[in-house]
Amino acid sequence: MPLPWFPLPWIIVFVPWAGALALLALPREKPAALVNIAISAVGLVLALGLFGHPEGEQGWTRVDALNTPLVVLAFLIGLTTAIFSAGAVAQEGFDALRLRAYHGAFQLFMGAQALALLADNMGVMWVAIEIATLASVLMVAVHGTPAAIEAAWKLFILCGVGIALALLGTIFLYLAAQPLVRHGDGGLSWAVLHRVAAQCDPGVLNLAFIFLLVGYGTKAGLVPLHAWLPDAEAEGPIAISAVLSGLLLNAALHAVLRAKAIVGAHPGTVAPGPFLIGLGLASVLLAASALWRRRDARRFFAWSSIQHMGLAAVAFGFGGATANLAGLLHMLGHSLCKSAVFFGLGHAAQLKGTQKIAGIGGLVASHPGLGWGLAIAVAAVAGLPPFALFASEFLLLTEVVARAWWWSLPLGLGVMMAAAAKVQTLQLMCFGEPTPDAPDAPARWAEATTLGPLWLHLGLALLLGLALPGPLAALLAAAARIPG
Amino acid sequence: MALLSALAAQLLHITLMLLAAPLVVGVTRWLKARLMGRRGASPLQPLRDWAKLLRKRPVLAENASVISEAAPYAGFAACLLAIALVPSFAQGMALAPLGDLVLLAGLLTVARVALALAGMDVGTAFGGLGAAREMSFAAFAEPALLLCVLTFAILAGTTNLDAVAVAMRDGGLGLRVSLALAAVAMLAVAVAENARIPVDNPATHLELTMVHEAMLLESSGRHLALWEAQSALRLTLWLALLLAVFLPFGTAPAGSGPLAWVAGLLAWLLKMGALCLALAVFESAVAKMRVFRVPEFLGAALLLALLAVALLFVSTGLA
Amino acid sequence: MRPRHAGGVPSARCAWGHGELTFGQLPYDVAHLLGGGMLLLSFMLLYQRRIAAVINALAMQGAILAAAAAWQGFVQAAPQLYLTALIALAAKAVLIPLALRLAIRRLDLHRAAETALGIGPSLMAGVALVALAILVVLPITAGAHAIAREDMALALSVVLLGMLMMITRRNAILQVVGLMSMENGLILAAVGVTGMPLVVELSTAALVMVLLVVAGVFVFQIRERFDTVDIGLVEPHRGEQP
Amino acid sequence: MLTALALGITVLVMLAIAAVPLGRHSHGGAIIHGGCLLATLFLAGLALAALLAGPPETVMALPFGPPWGPALLALDGLSAWFLLLLGLIGAAASLYAIGAGPGPARALPPYPLFLAGMALTLAAADAFLLLLGFELMSLASWALVAQDHREAENRAAARLYLIFALLAGACLVPAFGLLAGQAGGLDFATLRAAPPDGWLAGAVLALGLVGAGAKAGLVPLHAWLPLAHPAAPSHVSALMSGAMTKIALYVLARLLLDLCGPAQPSWWGVPLLAVGAASALLGALRANMEDDIKTLLACSTIENLGFITMALGLALAFRGADLGPLAVLAAAAALLHALNHGVFKTLLFLAAGAITHGAGSRRLDRLGGLIHVMPVTALAALVGVAAAASLPPLSGFAGEWLLLQALLAGWKVADIAFQVVAAAATALAAMAAALAAAAMVRLYGLVFLGRPRSPRGAGAREVTAIERWSLLLPAGLTVLFGLFPGLLVQLAAPVLQLLTSAAVRPPASVLALTTAEGASAYYPLAVALLLGLALAALVLLVRRRSPGATQRGPVWNCGFIDPPAHLPFGDPLTQPTAGGIAQPLRRMLGGALLAAREQVEMPSPGDPRPARYEASFRDPSEPLLLAPLARLRDDITTQAERLRAFTIRRNLSLGFGLLVGLLVLLAWLEAR
C-alpha cells in the first residue's frame, strides 16, 4: 500500500524513459535486447503495483478501474514483445544506430503509453499521446526503406493533424470548465471536468467532443481516419506491429472514452454515443470488406485491428454498464490475441522470408508448433471460442440486439464477413503444401521467444474470456461504469 | 372363443390367399388369351410351372452370394405377412390389429428391396438395370399410395386396414368423388407395383423393356419358383386390397360365425373374378408404354391422389 | 441552463476583470483585432500563388500570433504567455520561414503552387468554413466570456482554413504551411482562453511536431508532394494491387 | 449427477490436452480413444439414469464463466435424450478409432474436444455456455475436417464448413439476444419465464431456423455437409453425421419448443415443415446420384434431418392448435428418429471406414463383391442399409412410422392452407423414403454385391476384430431399437412432456407404437416374429419339396463372354456402374431438381475412339445461393478497394470531410 505522496504512476512512466536513454547508449544487440527485457519486466512489476494503489487523481495522474487494467496489459504486452523482439531483431538487420533508435524508441513509446493512460490532466494526456506518436513514427521508419519511410510519413502527417485537432478539443474542454474552476490547473483535470461537466456549457462540450473524437479517433484507427494504420503496421519492424495494434490503439480509444465520459455527464449535450457508433460501424464494415482483398499478411491483420477497434467503439457508443463491459473486454482481448498473432506471424514471415500471405503456406505441416499456435491465435482473433473475443462479441451482439436490434444487422454482417475472411487467410497460411523457407532462417531459439509469448497471450485471453478471477471481474465491472 | 374364431379366420384367410394366388394369375392369363382369341393355358398352369421348377436344382452364378439364396425366401415371407393382413372374406381376423397400411407399404418395400438386391447380386447388366428401374418407380408409387392412405385416414380416422374396411362398408360414407379419384390412383399404383401392362409386360423377355423379369434372369429352380409365386401373391394382395377398401361389401363382420364367412367367401370370389376380368380386359386393351413414360403415368396417379385429398378437405369442410 | 458566473470574478492582479468584457473595451477590441488579422492572413495564404509570398504571409501570421499571445498575457496577467509569445515569435515568425525558404532553394521549388482545388473555389470554401465555425460557436451561451467565444470562432476558422490549405495544395511546402497555420490557430485558441494551464507546454509540444514535419521535408527530400511520395515510392513495395 | 456430468466433460477436455504430447506416442491414439470410449459410455449411462430416474431439477453454477456471471449447467429430459444419443455414438466411434489404428497426430487432440463441445452444448443451462459449446464443437470438428489439409478439396470443404458454422453462431447469438433482451437474463429459466411474442417471436423463429439449420445442413444451407463429412476420418464423419447435426436440432428444439414457450401460433410449424420436406427430398435424391460412399451417406443424413425437422415442425403446429396428443406423437417421432438415425448412420459411416480400410477406396465404381471377403462388415452394413431404407422391423421404420402417422393426422389442424401443406409434405416424405431405399439398395448392391471393379477392390480383406465389433455394436442397437421402439418412446416421456407441455401418455406401449387415439398401431416385435415364422415355415416346406442342393455355373445374363485373362475378377465394364444405376432417377427427377445433365459422345463410324457417356449434376444451392453471395461480396470489396489507393492528401481530405460533416451535423442538431 503506497503512501499517498508516493508517485507510483510517475515512476511507472519514467522507468521506461530512463531505460530509453540507457538503450540509446547501448550499441550491441544482445545486451540491448536483454536490457530491454529487463526494463519491461520492471515496468510490468511496477504496473502490477497499481492494483494495490488507491484510486483517484494524484496531481496530473490518476489511477482508477478504467486505466489500471489497460496499463497492466500494456506493460505485459511490452514485456512479451520485448522477449519476442529479442528473438526477432536479429533478422531485422539493423546497424548499431538503428538498433539504438529501435530499442530507445520502444521504451520511449512504452513510457508515453503509460502516461497517456495514467494521465488525469487532459493536456498531459495529449502530450503523452503525441510523444507516443513521435516514438511510433520513429519505430516505423527505423528500417529506412522507401516503403517504411512512406508509411512513417503517412502516420506522421495524418496523426499529426489528428493530434492538432485533439489539442483544439482539449482547449475547448477547458473553455467549457473555465467559468467553474477557480484554480487554473484543475481546468484540465479529468476528475474535475467530470465533476463539473453537468454545469458546463453544453455547446462547448459538444464542440470539444467532436474535435477529441476526430483527433484521438485518428490514432484509434477509426474509419475514415484509418489510412495510416495498415501501412504503419506492415512496414515497421515486426515486433512493433504488436505494440502498435496492441497498445497505441487502446490508448487512443481510452482517451476518447475519457472525453465521452465528460461530455456524457452533461444531460444537455448532443449524445456522444451515436457518433462513436457511426464511426465504429463504418470501421467494422469497411474492414470486413477490405480483409477480402489483402495479400500482405501484416496489412491483413492491421485491417482486422481496425475492425476490432470499430467493434469496441460501437460497444462504447451504446454505453451502459453491459455494453461498456463488452467494449472493455474487447479491447483487452483484442490486444492479447492480436499481438499473439503478430508474434506468430512475425516469426513465420522471418522463416519464409516474406510477409505475403501467398508466400506463407502450410505452416502446420512444416512447423507444427508455430502453425497450430498461429492458427489458434487467428481463430481467436476471428472471435471463435473459447477466447475473450468470443465472450465480448457475444455480449456485444446480445446487448445490441436487445437494445436496438436494427444495429445488429450491419454489425452481425460485418463480424460474419470479417470472420470468414480470417478463416480463409488462416487456412491459406497454415494449411496446404508448405512453401519453401527462406535461406537465412532465424535461430532455433527464436521459436521459443515466439511461442512462449504467443501461448502466454492465448492463455490469458482464455482466462479473460472464460475464467476471469473474481476481483478482476469486479474491477472490469467498475471500469465499465466509468465511461457512462 | 372370439380369439379362436379370429385365429381360424386368419388361417383360413392365409390358405385362401395361397390358393388364390396361382389361380388369379392363371385366370387372368387365361382370360387374356380368350380375349385375344387364343385358347390359352388352363388357369392351373402356374401351379404346374412352380411344381416343375421346385423339382429342378437351382443353378447359381459362381460369384452369387448368400443374398441370391436368402432373398427369395425373405421376399416371399414379407409378401405372405403383408397379404395375411389384408382382410378377404371376414374382418376382425387375428392379425387385424397389426394390419396397418403404412406397415403394409413397408412390407412391400422389404419384398422389393429383396428382389432388387437379388438382381444386383451377380453383378450383371440386366440385374442392375431392372433393380434401378424397380426402385425408381417406387419413388412415384409410394407417395401416391400414401396419399390414398391419407384419404382413408381422413374418412376413417385411422390407417388400420381392418378399421378402414369397416368404415368403408358401413361408415355411411356414400359415393364420394375423392374416393373415386383415390381408387383410380390406387389402381395405377397396383398396376405399376405388379409390373403389369402398361408399366411392364410380365410375359415378355425383350431385355430393354424389362423391369421385373430382368432381376430374375439369374435365378432358377426353387428360387425362380419362389419369385414367381411371390409376384403372383403380390398381385393377389393388391387386388384384395382394392376389394377390401373400395368394395368391402358382403365381407363378414368381425366375430361373425362360419355362415357369414361362407357368404363373405362367395362374395369375395365373385369380386375377385370380376376384378381379374377387368384386369384382363384392360391389359389386352392397352399397349405397354416406354419405360421413361412410367413416371408420368405414376405422376398422374400421384396428382389424382393429391386432388382427392384436396377435394376431401373442401367437401368435408374440415377447414 | 446558464452557468454561474463563479469564474467571472476578476482576479486581484488584473487590470481589467475578465468576466464582463464586451465590445468597446480595449482588451477585447485588441484581441479581436489580432485574431481577425490572423484569419485575414489565413485567407492570404489561401489566396497567394507564389510560394515565397505564402511563406511571408505565414511569417506575418506567426508574428501576429506572438502579439496576440503577448496581449493576452498582459490582459490575463499571465506571465507565462509572454514566454509563449516569445517562442512563437522566434520559431514561427523567424526560424521556420527561413528554413522553408532554404528548403525551397534546396529543392528548387521556385514555382507557383499547384492546387488541387482552384484558388477561387478554395477561397469560397474558406468563407463557407468561417461561416460554419461561427455557426457552431454561436450556440455557446454568452455566459462564457464573449472574448473567449469570439476568439474561439476565429481560432476555429484559422484551424479549418489551415486544414483546407493542407488538402487543396499539392506542394509539400505548402502543406507544411497549412499545418503550421493550423497550429497557429490552436495556439490562438489556447492563449485566448483565460487561465488556460499548460499553455506553454502544449504550444511547445505542438511546435515540436511542426518542426519535425519541416525536418521531415528536409530529411526525406520530399520534392513534389505527398501524392508522389505516397504512390511513387510505395506501389512497388506494397504488393496490394488487387 | 450434474457434478458427474461436469466431471465427464472435464475428463474429455483433459484428454484433449493430454492428446497433444501423446500424439507422437505409438499407443497415444489407443489411450486417448479408449479414454473417450469410457467417457462417452459414462455420459450415456448418466443420460440413461437421468431419463429413468427423472432428471435433476437443480442447476449447477460452474466455477468458471464469462466475466459477467457464472456459466450454468443443467440436465433436463431433452438434454439427457440427446446426451444418450451422443454417448452411444461416441462410444461406437471411439471403439472404431481404437481399431482403426493411429491416425495423424494432429487429428488426435480435436477429437475429445469435439465430444466435449457437444456434451457442453447439451449440458448448458444458459445461452452463453450453449453457444460456447456449439462453436467449440464447430471449431474442433473443423480441425478434424481439415486434418488431411494437403488435399485442396478438403481445405475448401473445411473453409466452407467453418464459415457456415460461423453463420450459425452469428444467427443464434442474436436469437438468444432477442430473448434475453426482454427476459433480462441469459439463463434458460429466465428466458423461459418471459416467452416472446409478435414480431419478436417471428424474428427468433427465423434466426433460430437459419442458425440451427446452417449447422444441421438443412436445405438450402446444406452445401457444406456433403463436402465436409467425407473429408474427415470415418469415425469423425460418423460423429458429425450422427451426433453433431442432431445437436444442432437440439438447439432448434430447445429454442423454439422450449424457450419460446408453448403459446406460439400454429403457423410456426410451417417453415420447419417446408424446410424439412425440401431437405428430405433433395438429400434423398442426391444420395442416388453421388458415387462416393461417404458423400452418399452424408446426403442421406440431410434427408433424415429433414424428416426430424418435419416432425418438429408438426409438433409446433399441433401444439399451437391445442392438439396435445398429436403434438406428443410428432415430438416422439422426432426424438425416436433422431436416436435411430444417429445409431444406424454411425454404423454406416463406420462401415464406410471399414470399406476404405479393407478395399482401399470410397468410390462405388472401384468396389464390388465385398460380401465375399468382408462378411461381417457386409452383415453389419446390411442391417444399417435396411434401417436407412426404413424397412420393418428395423429401427429406421419405427421413427418413420410415427412421422407418417403424424403427417397423416396433419389435416386435424383446422386450416386449409396447413392441411394442403401437410398433404404435400406427406407425399414428399413418402417419396423421400422411397428414394432413400433406392439409394441404399444402390449403395449395398454396388459395394458388396456383384464382382470387384478394380484390382485393389479384388484384393480387399476383412478389417480388424475391434473394427468389426465397433460395427456390430451399433448394428445390434439398430435391431434392438427397431424391435422395442415403444420402450424408447416411454423412456422419452419426460422429454415429450417438456417439448409439448401437454400431459399426455406417450404414444406407445411396451410392444407397440400407437397413434394419438391408438386407432392404429405398429407391433415391431410381432412383425419380426411373424416374419421369422413365415420364413421358417417357408424354408421347411420348400426344402421338403425341393431337396436338391444348389449348383454353381457361369453367369448367364442372356449370354456373357468370359472375362479376358488379365482381368481375373471379370471385366468391370460388364457390370452396372454407379452412374448407370442412377440413370432412371437422374432422368425422372434429377433434371428437374438437380440440373442433372447427360451427354453421349458417339464417335463417327470407323473412328476407333470409344464412345463416351458423361453424366453430371449441380446442387441448386450452389448457383442459387453461394455463387450470388460470392459475387456480391466481390463487388462490394472492389468498391471498397478504391479507398485504399488514396494519397495522403486524399486521406487528409477524408478526415477533413468527416470533421466538417460532424460540425455541420452538430450545428444542425443544436439549431433544432
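As written, the chain order gives the labels A, B, C and D, with residue 1 at the start of each chain.
Just so it is clear, a residue touches a chain if its C-beta (ideal position, glycine included) is under 8 Å from a C-beta of that chain, and two chains touch if they have at least 3 such contacts.
Chain by chain, the UniProt names read as follows: A = Hydrogenase 4 subunit F; B = NADH-quinone oxidoreductase subunit H; D = Hydrogenase 4 subunit B.
On a predicted model such as this, the values are computed, not experimentally measured, just so you know.
Student: With contacts counted as C-beta pairs, which pair of chains has the highest total?
Tutor: B-D
Student: In terms of CA centroid distance, which chain is the most far removed from chain C?
Tutor: B
Student: Take the average of all CA coordinates in chain A, do the same for chain C, and state the distance between these two points in whole angstrom.
Tutor: Centres of chain A and chain C (C-alpha means) sit 31 Å apart.
Student: In whole angstrom, what separates the CA-based centres of chain C and chain D?
Tutor: Averaging C-alpha atoms per chain gives centres 69 Å apart.
Student: Cα centroid separation between chain B and chain D, in whole Å?
Tutor: 35
Student: Roughly how many whole angstrom separate the Cα centroids of chain B and chain C?
Tutor: Chain centres of chain B and chain C, defined by C-alpha means, are spaced 99 Å apart.
Student: What positions in chain A touch 2 or more of the other chains?
Tutor: In chain A, the residues touching two or more other chains are 153-154, 157, 161, 165, 203, 207, 293.
Student: Could you say which residues in chain D touch two or more other chains, in rising order?
Tutor: In chain D, the residues touching two or more other chains are 641, 644, 648, 652, 659, 663, 666, 670.
Student: Which parts of chain B, given as residue numbers and ranges, touch two or more other chains?
Tutor: none
Student: Go ahead and list every pair of chains that touch.
Tutor: Touching chain pairs, listed by label, come out as A-C, A-D, B-D, C-D.
Student: Write out the stretch or stretches of chain D touching chain A in their complex.
Tutor: 63-68, 106, 127-128, 131-132, 135-136, 139, 146, 149-150, 152, 155, 158-159, 162-163, 166-167, 170, 173-174, 176-178, 180-182, 186, 203, 633-634, 636-637, 639-641, 643-644, 646, 648, 651-652, 654-655, 657-659, 662-663, 666, 669-670
Student: Under the touch definition given earlier, write down the residues of chain A that touch chain C in their complex.
Tutor: That would be residues 121, 123-124, 126-127, 130, 134, 145-147, 149-151, 153-154, 156-157, 160-161, 163-165, 167-168, 170-172, 174-176, 178-182, 184-185, 187-188, 199-204, 207, 231, 235, 268, 293-296, 299, 356 of chain A.
Student: Any idea which chain B residues touch chain D in the complex?
Tutor: Within the complex, chain B touches chain D at residues 51, 54-67, 69, 73-74, 76-78, 80-81, 84, 95, 97-98, 100-103, 106-107, 109-110, 112-113, 116-117, 120-129, 131-133, 135-136, 138-147, 149-150, 153-154, 157-160, 163, 207, 217-218, 221-222, 225-226, 291-292, 295, 302, 305-306, 309-310, 313-314, 318-319.
Student: How about chain A: which of its residues touch chain D in the complex?
Tutor: It is residues 153-154, 157-158, 161-162, 165, 203, 206-207, 210-211, 213-214, 218, 224-225, 227-228, 270, 275, 286, 289-290, 292-293, 322, 325, 329, 364-365, 368, 372, 379, 382, 384-386, 390-391, 393-395, 397-403, 405, 408, 412, 415-417, 419-420, 423-424, 427, 431-433, 464-468, 472-473, 476-477 of chain A that touch chain D.
Student: Looking at the complex, which residues from chain D come into contact with chain B?
Tutor: Chain D residues touching chain B: 368-369, 371-372, 386, 389-392, 397, 401, 404-405, 408-409, 411-412, 414-416, 419-420, 423-424, 426-431, 433-435, 437-438, 440-442, 444-446, 448-451, 515, 517, 519-523, 526-527, 530-531, 534-535, 538-539, 542, 545-546, 548-558, 560, 570, 574-576, 580-585, 587-589.
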